[in-house]
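Pasting a structure here, questions to come.
All chains are identified by letter, namely A, B, C and D, in their written order; residue positions are counted from 1 within each chain.
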Amino acid sequence: MKQMKKIINSPQDVVPEMVDGLVRSYPEYLERIPDTEAVVRSDKASMKGKVGIVSGGGSGHEPAHAGFVGKGMLSAAVCGQVFTSPTPDQIYKAIQAVDQGKGVFLVIKNYSGDVMNFEMAKDMADVDGIKVKSIIVDDDIAVENSLYTQGKRGVAGTVIMHKLVGAAADQGASLDELEELAKNALPHISTLAVALSAATVPEVGKPGFELADDEIEYGVGIHSEPGYRREKIKTSKKLVGELITKLDEQQHLDPEKQYAVLVNGMGATPLMEQYIFSHDVLDKLAEKKIKPAFMKVGNYMTSIDMAGISLTIFELTDKKWLEYLNYSVETVGW
Amino acid sequence: MAKEEAEMLTVELTKKWMELFYDEIDKNKAYLSELDTPIGDGDHGNNMKRGVTGVKEGLAKLKEPDLKATLQAIAMALISKVGGASGPLYGTAFLEMAKKCNETQKPEELFTVALEGIKKRGGAKEGDKTMVDVWAPIVKTFSDGSFSKEEIKKAVESTKDMEARKGRASYLGERSIGHLDPGAMSSGYLFETFIDAGGTK
Amino acid sequence: MKQMKKIINSPQDVVPEMVDGLVRSYPEYLERIPDTEAVVRSDKASMKGKVGIVSGGGSGHEPAHAGFVGKGMLSAAVCGQVFTSPTPDQIYKAIQAVDQGKGVFLVIKNYSGDVMNFEMAKDMADVDGIKVKSIIVDDDIAVENSLYTQGKRGVAGTVIMHKLVGAAADQGASLDELEELAKNALPHISTLAVALSAATVPEVGKPGFELADDEIEYGVGIHSEPGYRREKIKTSKKLVGELITKLDEQQHLDPEKQYAVLVNGMGATPLMEQYIFSHDVLDKLAEKKIKPAFMKVGNYMTSIDMAGISLTIFELTDKKWLEYLNYSVETVGW
Amino acid sequence: MAKEEAEMLTVELTKKWMELFYDEIDKNKAYLSELDTPIGDGDHGNNMKRGVTGVKEGLAKLKEPDLKATLQAIAMALISKVGGASGPLYGTAFLEMAKKCNETQKPEELFTVALEGIKKRGGAKEGDKTMVDVWAPIVKTFSDGSFSKEEIKKAVESTKDMEARKGRASYLGERSIGHLDPGAMSSGYLFETFIDAGGTK
């Protein structure tokens, strides 16, 4: 087992130091909410009269979520311990910090921890009379959906959701309108990943799982949750083939329809590989006579130092959605 | 299996209980995270350690508290320090106990409302391979007087053969079988230290 | 020796596929110059009447250089083979593609190959009557400067140079003005890196050098050129301490002066670590009573999949320079 | 050491020479990259292979070329395919030969202008541990008639003990001592295959 080799101080201080580094590096965008690991826009005027958008989750997914705080996107983000949901008191403080009397919309990834902690924060805000609505993002199609389990996980598609509700809120959408937008868009967002290596949580000190030097795993989650199949490593073309076949089963890709595509590096995968992968994605889609109306490639929802990549396909059934994706923002990460 | 009646919950008992719980979690931090590795994300020990440290600090700050304030402080510490899935669940459990404790101090009644809170918060049922699989059978042992370390161990062990349907372990489906549930284990420690603190006559 | 594990097809196709993936993912910014591995702005109107800015170099530094092509920054970038300078014919085509009669300014990194190939391209453009001037960036202070050697290497500071001349050109600066700006700014830009692992060139298949599991190397170049010292891995604070001490010797950091700071990930270093490192940089500078007037953290000039980080400090002796850094751009990578 | 006079450069000789140079580079591609690893970036073999492949393709496209067109095609192929430091240097060498070849076809005179081109382009002097350390002594061997494989080998070997002052190897300073220079090696192949192609009577 390889030893952990990271540019950190003490594993316990990873989150506070990281949040501090981010906020102080970008004072033009970001401010820390006092006594929390939560980050809020420093441009307060940009939030005036608008519904606040709060997201967050465990840390280790940088630039998600704090990197998406800024005019046109999130109002605040709450940073939990590494791979651990933030606590309700912190989420609650973020809700208070962004509420302008128009209510606050929460973007939550579908993990038991996140859902419960955000719900408790919502309960606290209720007592305050702050109107709070939310969407639980569950775009990872690696996991079967089922009423009897936790259901699908929230992964890179969450960033698409941030962008949509962020843009709509900036344009003055009401809390109810945001909820409707989020609910309508959600089923059209699907993501699937392939991992070349697992992430190492600093406090754990070793990778979440082991893959042989020539092995990859399809369907791995952003916290090293196990995927659906291990194989010998394949060419980029073949990896893309597998992911698109699965995404197609879900989405029924159709040349008559419009799509947005997000290619997302998991943290240790260089852009070189991401662009090659994108080349193969575009080729594969072109075979199906599809040319994305919107595309983005880079590190958006990472898994610390995991090597791997995820592919998100978002069917644009409403033409407003493309506008929201293209809407200009002022953030560190988008 | 000794048939013993439970003590009424008092501030002293609760404090003693939390001290022992702290020690137990501290001792087993690595083990809990280890249990959380094959079927979770390997942080349950760290999460709980942050929680019991918060509880210790929270209780130290209280001056001559009543039972309600004590339970509330425990709840708030767990809620604000643990995070993850287990934080809101343990937090809710103690919050429900705090709400109820002016009415009754009987452990079985307090644990009953705690369990209801956990079930409501997390939506898990018995057999889903979660801490509920310790809480539910243990709460029942109070009525027939079989509350004991043996029963606690049995309940914890019972999660081994279950297939997870809630929490991170549920992503594994069948592959979750054969592993103890980490939250069940930490709940086992909670009840064991309740006994050690003198929670039974 | 670990086997290479990358999301690629054939090692020979890495550059063309990567360039293709990049350009097709971002048609709103980028276009490929026909029959080349060079990339030009698709927004041709943004170049009208302005001096063209062309950069480039070996591939493997993504998003550099093509990711910095766009309004307000580069006009075109030429992508060589991995870690190999592009050829003069391609550079020449890029010069032709961006010339608007106002001349073309080249930003070159100081490697023999780059310098010679860009110079040959300049000779070709001379024949055409296209006025060409250039700057050779050599910001890496790990290497001693000397008249008798190749001198210092060009590394992450090159991106700062792109930003300065790009912004100035967009504001209508002449070729001579750009040359003056570049010459004035260059001596104030210093960079130093620390590596945790070496890059693996796909055609080579193994890392450029080996570091033990607990070893780091100071002063490594962006092509795995050897650094000046190996040590056991240290805390982020101590790594920062070493880099800032060396940079200070060069720049004589002074609380009365203004600075811009670029923290640059080498490709496989997660943002989590980059933000922690930034936290320590800001602390260390604060000890010296310095608060950067501009700061940026992320992957800008990478070294394929190297784990490591570089720190660039740029003394802002001219107040226009801060304006140029803050000038808004439309690129993939800035 | 045979004292032989050099043949005049012709289209046929040049073509044969380039065929043999292709084979030699092809055979030694990995070795050249290996030489480039400790003191460079490990790509010299790949760079040269792209170059000679380009030369082969470029020459195949020419219909009944004269010597100038032949040398020019070689130069353009090297310039546009090799990249890195060696591309412009080899390209310049053949470009200078193309410029001069209507005036003289004597190898020593053509190699002399080629060497001047290399020196001008790269700024390296003898002793800087580059290909110049093969080109310079070899050009001299023509005047005393000692041009031979032995002299080529000697020149290549001479780079081993030098400290690099140009190119990537210069970043190593003293640590570059003890390694052959890859560009010197490939230049050695160039001159050896010139002999094999019949470049000496």
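Just so we're on the same page, a contact is a pair of C-beta atoms (placed from the backbone, for glycine too) under 8 Å apart; a residue touches a chain by one contact, two chains touch by 3 or more.
Remember, it's a predicted structure, so these values are computed and weren't measured experimentally.
Engineer: List the centre-to-centre spacing of chain A and chain B in whole Å, with centres computed as mean CA coordinates.
Structural biologist: Their C-alpha centroids are separated by 32 Å.
Engineer: Where the centres are mean C-alpha positions, what is the separation of chain A from chain D, in Å?
Structural biologist: It comes to 54 Å between the two C-alpha centres.
Engineer: Measuring centre to centre with CA averages, how many angstrom lie between chain B and chain D?
Structural biologist: Each chain's C-alpha centroid was found; their separation is 77 Å.
Engineer: How many angstrom between the C-alpha centroids of chain C and chain A?
Structural biologist: Taking the average C-alpha coordinate of chain A and of chain C, the gap between them is 29 Å.
Engineer: Give the residues of chain D touching no fewer than two other chains, as numbers and ranges.
Structural biologist: none
Engineer: Give the residues of chain A that touch two or more other chains, as numbers and ranges in rising order.
Structural biologist: none
Engineer: Which of line, ring, star, complete and other names the graph you get from chains that touch?
Structural biologist: Looks like a simple chain-to-chain line, open at both ends.
Engineer: Going by the touch rule stated at the top, which chains touch which?
Structural biologist: Listed in label order, the chain pairs in contact are A-B, A-C, C-D.
Engineer: Residue numbers of chain A touching chain B in their complex, please.
Structural biologist: 58, 80-90, 111-113, 116-117, 119-120, 143, 148-150, 153, 201, 203-204, 208, 221, 223-226
Engineer: Touching residues of chain C toward chain A in the complex: what are they?
Structural biologist: Listed in rising order, the residues are 2-3, 5-10, 14, 17-22, 24-26, 59-60, 62-63, 67, 82, 196-197, 213-214, 233, 235-237, 239, 263, 267-280, 282, 295-299, 302, 304-305, 307, 309.
Engineer: Contact residues on chain D for chain C in the complex?
Structural biologist: These residues of chain D touch chain C: 33, 37, 41-43, 46-47, 50, 76, 79-89, 91-92, 121-122, 165-168, 170-172, 175.
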